[in-house]
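Inspection log for the structure reproduced underneath, given as structure tokens.
Labels A, B and C are assigned to the chains in the order they are written; within every chain, residues are numbered from 1.
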Amino acid sequence: MNAEVVTSDGVGEAFRLLDLTGVFANALLGGLIARREKLDPIGFATLAVLSGLGGGLLRDVLLQHGTPIALTDYAYLLTALAGAATSYLTTVEGPVWDRMWPLLDAVALGCWACTGAQKTLAVGLGWLPAVLLGVVTAVGGGAVRDVVLRRIPGILGGNTLYATAAILAAGAQVALARAGTTVGGSLVGLVLGAGVCMLARWRGWILPSADAWSPARVVPVRYRAKLRRRRDNDHPRQRRQP
Amino acid sequence: MNAEVVTSDGVGEAFRLLDLTGVFANALLGGLIARREKLDPIGFATLAVLSGLGGGLLRDVLLQHGTPIALTDYAYLLTALAGAATSYLTTVEGPVWDRMWPLLDAVALGCWACTGAQKTLAVGLGWLPAVLLGVVTAVGGGAVRDVVLRRIPGILGGNTLYATAAILAAGAQVALARAGTTVGGSLVGLVLGAGVCMLARWRGWILPSADAWSPARVVPVRYRAKLRRRRDNDHPRQRRQP
Amino acid sequence: MNAEVVTSDGVGEAFRLLDLTGVFANALLGGLIARREKLDPIGFATLAVLSGLGGGLLRDVLLQHGTPIALTDYAYLLTALAGAATSYLTTVEGPVWDRMWPLLDAVALGCWACTGAQKTLAVGLGWLPAVLLGVVTAVGGGAVRDVVLRRIPGILGGNTLYATAAILAAGAQVALARAGTTVGGSLVGLVLGAGVCMLARWRGWILPSADAWSPARVVPVRYRAKLRRRRDNDHPRQRRQP
């Protein structure tokens, strides 16, 4: 019931294929961004590798259990570079692609969350780091790419449930793996993660930002204004930078 | 006299508690920033984990001696998430908190610099990487958080002695550990690091920026202007980006 | 014919010297940037370490084969700090330095690409990760420094052939090492990488950005405009952030 067993049977092989599909889709997406930023082929390859392999690289570096799979299994690097080349040589934009992106993205998210969580369990760590590294695998590559491009990573908020879908997928994987069925966990996690991600995008679901919940909203308005005035006088936005 | 011995006795246990206090305080601080940026719960958790655990994760990834403690010892991740939840559900702002932050921050700085330096020594590395990784442990999490939020990390300059306090704390830890008293090093380092950090904040001590020391200041003004003119003509700010 | 053998003979020692020269040159360059940003000594040291050692640290962390050499071999850290001190205490600008930078930079690029590729081969990985990590070693430090300073890394495009020169150097190292002559690979790779880098800078060679190749250019103009109109109506720049 460890990762090795999974990858040796048919379901494991199917999952590896999904994993690589996610790498290809995210590499294409990296290339799409590279085109908008008018980058050269090196820029396409860099964004494709960061988008497609960044999450898994982060996970493997944090796990500290051997060289990252993206460096030992050629399929990963070649798939990412193929995605970069495809989006450099063709235009992967248009009505059909615009319908495909969310689906590919959601499937990659669910798949990566499950593989990340399962790999963490297989290494002997507990449920909490397994969920964390599942999420890191799923959203880490996009976040690194965003930081390199000087964007605030989308996972920090304001988007539809993305990291939340990854948490659910990784959680399902962990729970069912603990209950004895790793393969079942992967299937349920994939469907749950991809489903919630698609649903949230379709319905526009987002998490409440801090303001909506803030206890400050319950404090009477006049007292609140007084508090804020005092605070602003003492510390005029000292941590804010222009 | 290695890290294991330290953590098995009372002083070590006290230090672990300080360490976790630092994680909690920095996670709260991460949450405070998340509130100002109007992030959702995922954003709070992300900034709390980066602020509270980022330095230790960086250190352990650079040391390459097993899975980072933040992933194996549940207390760390749970403490960071508790900090995120606390600052999401309550407002940790106001006069009392404004007085607490500098103290908590300074204690975490001193504590992390000592644990980082000591862990590096325990792994068999020398004094120079021990001081470096002590500083990375103390300031790395905040720096990563700043980069993710598209701020220039505060440690790069213009602030009161922060990294300098970490260097002093890590240096004291290394020197006294070499002299035979790891526990003494931790206590002296903690007091020294936290003290210098507090004092510098109180007195407004900063390091001189390069301009203040620049040898160019000694070169006669007319010659300097001529030099600058020639340089500007040859290379009109080629490395600057808008 | 592995890295150990190389570093034990004369050519290996010469290469280590070149490696450290590259560390010093890039640390000076980091200091130059620190001066322009008016940073304090900590800022100088941080940018010097990131610029001079960042690529090797990234490579060693990704390889997961023991503590990074920059932490175990004191020469690296001391050289980087010496570079920081030099550029803090003197002004390494002026006509002579402006002629030196490109040469030092190109030599460091070629040298780092070869050492990165060779170290990856020595660890038992194949040609593809060897070329990738050669490039990461050569350009990673500068990229990390740029991200920390909120610049879009130069390697993403618009510059003269820089990553391309690193790919050629790493490729030559891998090909000749496979053909039996590691030392020959290092020499050819160094000359090729440094040469292409200098030539590209001199002649202004850049890679074509995506627009120049875009298949969209072959699609008739009227149809293309129609397509773009439809796309913009459906998805008004949804992935762009302000």
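A few notes on this one:
The definition used in the following text is that contacts are C-beta pairs under 8 Å (C-beta built on N, C-alpha and C of every residue); 3 or more make two chains touch, one makes a residue touch a chain.
Model, not experiment: these values are computed from the prediction.
Chain C is reached from chain B by a rotation of 120°, derived from superposing Cα atoms (nearest 5). Under half of the residue numbers at the interface between copies chain A and chain C are found on both sides, making the touching surfaces mostly different.
Centroid to centroid, with C-alpha atoms defining each point, chain A and chain C lie 27 Å apart.
Shared interface positions of chain B, i.e. residues touching 2 or more other chains, are given as 61, 64, 147, 150-152.
Chain A makes touch with chain B in their complex at residues 61-65, 123, 125-126, 128-129, 132-133, 143, 147, 150-153, 155-158, 163-164, 206-211, 213-216, 227, 230-231, 234-235, 239-241.
Residues of chain C touching chain B in their complex: 33-44, 46-47, 49, 57, 60-61, 64-68, 71-72, 74, 77-78, 88-91, 93-95, 98, 147-152.
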